[in-house]
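Got some structures for you, see below.
Same chain, two partners: chain A is paired with chain B first, then with chain C.
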Partner chain A sequence: MTEEKPLDFAREITGRLGGETITRCYQCGTCASACPVTKTTERYNPRQVIRLALLGQRNDVLKGDAIWLCASCYNCQERCPQKVEVADVIYALRNMAIRGGNIPAIYTEFAAALMNEGRLAPMSKFLEKKRAEYGLPPLKPANTEALKKILAATGFDKIMFRKEGAT
Partner chain B sequence: MEEVKVGVFLSDCGGQIAKILDFEALTKFVKDVSGVVLVARGSEFWRGQGLQAIVDAVKSKKINRVVVAETIPKISEVAIAKAVEEAGLNPHLMEVVDLKNHCAWPHIDTPEEATEKAKAMLLAAIEKAKLLEPIGKAEFPAVKAVLVIGGGAAGMQAAEDLAEMGFKVYLVEKEPFLGGLAAKAVRFFPTDDCAICIQSPASLTTVTQTSRKCVYRSGLSEIPNLNVLTNTKIVKVEGSPGNFKVTVERKPRYVDEKKCVACDLCTSVCPVEVPDEYNAKLSKRKAIYVNKLLVYPPAYVIDAKACKFHECAKCFQVCPTKAVNLDQKPEHVTLNVGGIIVATGFREYDPSVIKEYHYGEYPDVITHLELARMLDAFGPTSGVPVKPSDGKPAKRIVFVQCVGSRDRRWNPYCSSICCMISLKHATMIKEAFPDADVTICYIDIRTTGREHEYYYERAREMGVKFVKGRPSEIIHDPATNTLVVEVEDELLRRLLELEADLVVLATAMVPSEDAKELAQILDIELDQDGFFKEYNAKLRPTETKRRGIFICGGAVFPKDVPTASLHAHSAAVKAAKFLMNGKIVKDLKVAVVNQDYCGNCQFCPVTCPYGAIILEPKGDGHFTAKVSELLCEGCGVCVGTCPVGAIELSHLKSSQISAQIKALLSVNGTSKPLVLVFSCSECGHAAVDSSGMAMMSYPANVRVLRVPCTGVIQVQHILEAFKAGAQGVMVVGCKPDGCHYEVGSQKAKQRVEMAKMLLQAYGIEPERLEMLNLVFIEGDKFAEAAKTMSEKVEKLGPLQLS
Partner chain C sequence: MTGYALFLGCTIPARQPHYELAARKALTKLGIELVDMEGATCCAPPPIQSIDLETSLALAAYNICLAEEADLNILTLCTGCFESLTIANRILKGKRELREKINKILSNVGKEFKGTKEVRHYLQVLMDDVGVNRLKQNVVKPLNGLKVAAFPGCHLLRPSELLRLDDPERPRIFDMLIETVGAKSIPYKNKLRCCGGLLRGYADDVALAIARDKIANAYNAGADCISTLCPFCFLTLDLGQMLIKTAYKEEYNMPIIHYAELLSLSLGVAPKELALDFHKMKVDKVLEKIG
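Up next, the complex of A and B:
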């Protein structure tokens, strides 16, 4: 079952921002029973994600779709008796997945929208109309040049548009 | 002063080490040392003929200082000291060196070098012996009386043990009745006894001597030396170990224990009703009350918060024996005791802070203690588990384990008894109500005690359901007045919504509310979780850092009753051992202050791990340190900390350390640079011993100087060693958290760091100095480090001292 020493993967996770607390988990399942996503689908169970991670199942964790299903409601994190920062661990795992080129298409689309239009949700006639109804001023175009510079400086563009397997 | 006459006795361990060391050369060398008047060689000197030779020499006044080369000094010096004392010489005028394990064995490959090292070792012992002074004994009073704080299972047990051993005992309980937490628990595991059952005293004629009795008929109150003081709290503790003056406050009971006949007329007329705390507020009681029938003392008490006193006075009027006294006032009493046992127990954690479980908000979410009161046939619901919201019997009951324990947000530790409490209650319910639907939600079931696993087995056989998973939320459905427990069944990987009439929280067990205050009054430590801290978890589990004060039972950590009893027996034995002679006799191997140098600084009183040093006004506006001979353990941490050298040990004066440094470095006999090792007498020295015992070799240019604790070492001593010719210095002490004198090893580390800075400033390589923290089994590490240090200083070249 083990593809590498379980602790190697766990150490990699604890070395990342948000992942520090993962080894505290004693599998009580409070996170799973608190999770609104787990209630609706069997595809995501935070306890199981952590279990797989601590057993060194890198591919199952980083290449599967589970980690992308977390709604970031922090119900789990609030209740965890071992103070595992469950939601933050999921973020850490997502960051690791992205750096490995495993990124769901929707996120690449978001990133592209941010780079090109300066916002995640594209503007539409409908939204413009709604804004006017609420008495909000029309939106100015975003300064995408400045944004591109910042995102380039942080390496965002390179990380987000990396293809799987690339180094 | 009498002329110093040293006798040197060289044991060759039955000829064993004579194969390595040249004893003729050693004898010749020793004979020429000034002050030596007698040199003898034999096969052993710590028993038999050898020891007799020492005794004869002492008795004939031929010698007045004894130096013995003998193996395992820790054992042999005990016998030699005893014999020397019986022969009429102060037993501290003696020095033992270990030529076998510290010289012959580790240097077996270089016998000539070993012989030269042996000379240095003997010279050091002789020079030290010449400076030794007699050390007297002192006697301190030990009052043969003990205060036991806490009248629960542990406290009652300890009090009974001590009283029967003939000590005067004061058993102080803050509540109006004895019994503590355990008395509320209905039944005990693993025997399923009644909770109010205790060990009965064996000495009373009319009490049958079976092992167990209810508290009220145990005869506990009738043991002649045992004074039970209920409704009483500790206010102040003064004095010293063996002779404490304890002030207690006796709260008014308003009912005379000696007159009350427990006829119950008072409660029948009392108009005030309040929730009954003893019954977890599940029922009501009157302002004048007893917890339950058959308690001790068998006398009513008035709840001062609820009673209307003279406004009503109905109880006073109706009492047939005139036992009610509404004008009673609190009373301060001073007790003189030699020892104190803390047995204040633990309590249930209030789980209302854990918002997702809604304790305190939903009435049908209760704790185990509340359930225990329901399951008591004499309790508020006569043994039936009910829903507190409507009083209807609870048919579906869910237990939640680890509530507030094993939880980093509240109490990180496992409370250790809650699994068993749940199993006990689950089986009790199933036994009485086989149709009841009982589910236990757990993370891990821990049944580690004797017979405990059988409870788990029995619960499964009886149909108790076990769900591996910790609930995330308890929801209340107002339409049906039902609780819903949300939990993931991890084994099925399925989310469950368990419907329940009653949810029972197995809460953490935490220290009693007044633990902190009491620890301050007694000046003893609490651990990180707030429980009373033992002196040594492995070897001295019922002693505290303060001599004469002992701890036991749930005050130390949550315990079941069998373990608490065991702990209480242990504390009682320790207290008895401490006081049994009626006096404390100790050698004055203590720190001594030189009043001329000492003044005004706070270093030693703050550093002393035993609180043995206080500052005393000198009269001219200045302060000097004063050492309590009773409290001082003679470690010398104060010596190491004193900036002006104003304090030294009676059993290892600064002059004796200096003399040994010089002597050990005066003879080299090897081609390598000398390395001096300061080792503590405890783990450090044991590590050096074990390297020798196992014949792990290291070079003979490494010399060992033993001190009581590395905490005694001043920066000055290290510099002195370099000045006297050491090219490298090592300090070997216990592990930082395993120091036999608490802080000595850590203090030594600081001083080594400071000395390194100084060395650098003088242009000396700081790597010539090193601190090691070793234990007995790490002799190999000592040998390795000694070798490395020797090679290192050889490579660095001779030390250039300007």
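Up next, the complex of A and C:
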């Protein structure tokens, strides 16, 4: 990894789903001024994340906290004059971070709910009862068998539930 | 009668039956037939996209395949589901290589994404299938005098290049539908700015600060309620006010009410037929106002 040139990291990002447009950025800052999170906290600025990524600062980007602070509101992406798909770039960076073992706890919870129930908000006995009281039909269960096969085919289970280690 | 495959998603049926109940009542009254989907899974929204975009596309495509097989277009209530499914549908229709890759994954479960169906949010169905005029004719209890801060949420409008539902900078549809049921859609500061909901669970303090801003802006503009389309926006703004009370010692008591509920009320559904006890911020003021 010490041998890596700055551009290697950028190339890796553009090769990923969502990351294709990152190199179009010319650092104007329109994204940051459109960002509700940047307005609220100093912990996050999309222009800076992109800058660090283009400078090849792999660890700062993928091990840091910033990429997890995007609210995926797409306001930046709507306004970027260079048509950088900023919110999608952040998804690509998160995908890479997770593969490298930087997985915020809440995402492990989401993944577990998905794998076990096929849904992020599992049904409860209380809600089942309430639904019946209001005359709502019982919720049809997700096809978890099909889901598990899809998750196995994309490698989702391995991405999420493996030991921290090599990237 | 127009029929749709109803894609409920994860959150609405398991956490917000008041949304589902109101939507089913209103849409059925308006002659929209809803067919419950068999075996649908999570739509693969932003939290799953954050883990792996390819998995998300595959899951969205799987769900669209179910509708293709039933020969129905999909109707969504949740704007998050609308976004995930619409993006996947449009990307996969347009990009052959990616479609082939996803179809290879789906072949493990005997499915193939063909790209023959549309995904529609229920606002589009109200606008296009029912139409403003017929909707107006069906309003038996206009919500006269009710000042509504409309909050369309992010994922109804953006990314507009793929969602194509309304103008992302000057949307009109949601406001028009609020006015069609007799209420007034009032202007307020930063109306189109995100609620911060997706940061809950990772950065609760940041999420709450963003939500507080939205509630305060609606409050300062004199709104009687904030109207939502997205279950995450609802949660962020409704439950959020209890968290704000603890964290900031501020009480707004701002009712958050799904548009489907306002619509149902205007179509003559009695409040006691709606699951209004699922609101943390009581909606009594809204009910009083519309009499």
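Basically, the second predicted complex is superposed on the first by the 149 of 167 C-alpha atoms of A that agree within 3 Å, B and C clash if a C-alpha of one lies under 4 Å from a C-alpha of the other, contacts with A are read in each partner's own complex, and residues count from 1 in each chain.
What we mean here is this: a contact is a pair of C-beta atoms (placed from the backbone, for glycine too) under 8 Å apart; a residue touches a chain by one contact, two chains touch by 3 or more.
Please read all numbers here as calculations on a predicted model, not as lab measurements.
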When the two structures are laid over each other on chain A, do chain B and chain C clash or fit? fit
Contacts of A:47 with chain B and chain C, given as first, second, both or neither: first
Going by the contact rule stated at the top, is it chain B or chain C that touches a larger number of residues on chain A? C
Scan A:110 for contacts with chain B and chain C and give back first, second, both or neither. second
Based on the superposed arrangement, let me know which partner A:127 touches: chain B (first), chain C (second), both, or neither? second
For A:75, is the partner it touches chain B (first), chain C (second), both, or none of the two (neither)? both
With the two complexes superposed on chain A, say which partner A:26 touches: chain B (first), chain C (second), both, or neither. first
Name the contact category of A:36: first (chain B only), second (chain C only), both, or neither. second
Put simply, what angle do chain B and chain C open at chain A, by C-alpha centres, to the nearest 10°? 100
To be precise, I mean the smallest distance between any C-alpha of chain B and any C-alpha of chain C in the superposed model; what is it in Å? 7
Please write out, lowest number first, the residues of chain A touched by both chain B and chain C across the two complexes. 75
In their shared complex, chain A is touched by residues of chain B numbered 356, 402, 406-409, 443-444, 468-473, 486-488, 490, 493, 495
Complex contacts: residues of chain C adjacent to chain A: 8-11, 13-15, 17, 20-21, 24, 36-42, 45-55, 57-59, 62, 98, 105-106, 108-109, 111, 154-155, 158-160, 168-169, 192-194, 196-199, 201-203, 206-207, 209-210, 213, 275
Touching chain C in the complex: which residues of chain A? 16-18, 36-37, 40-41, 43, 68-69, 71-75, 77-78, 85, 87-88, 91-92, 94-95, 98, 104, 106-107, 109-111, 114, 118-124, 127, 130-131, 134-137, 139-144, 146-147, 149-156, 159-160
Interface residues, chain A side, partner chain B - complex: 24, 26-34, 38-39, 42, 45, 47-48, 75, 79, 81-83
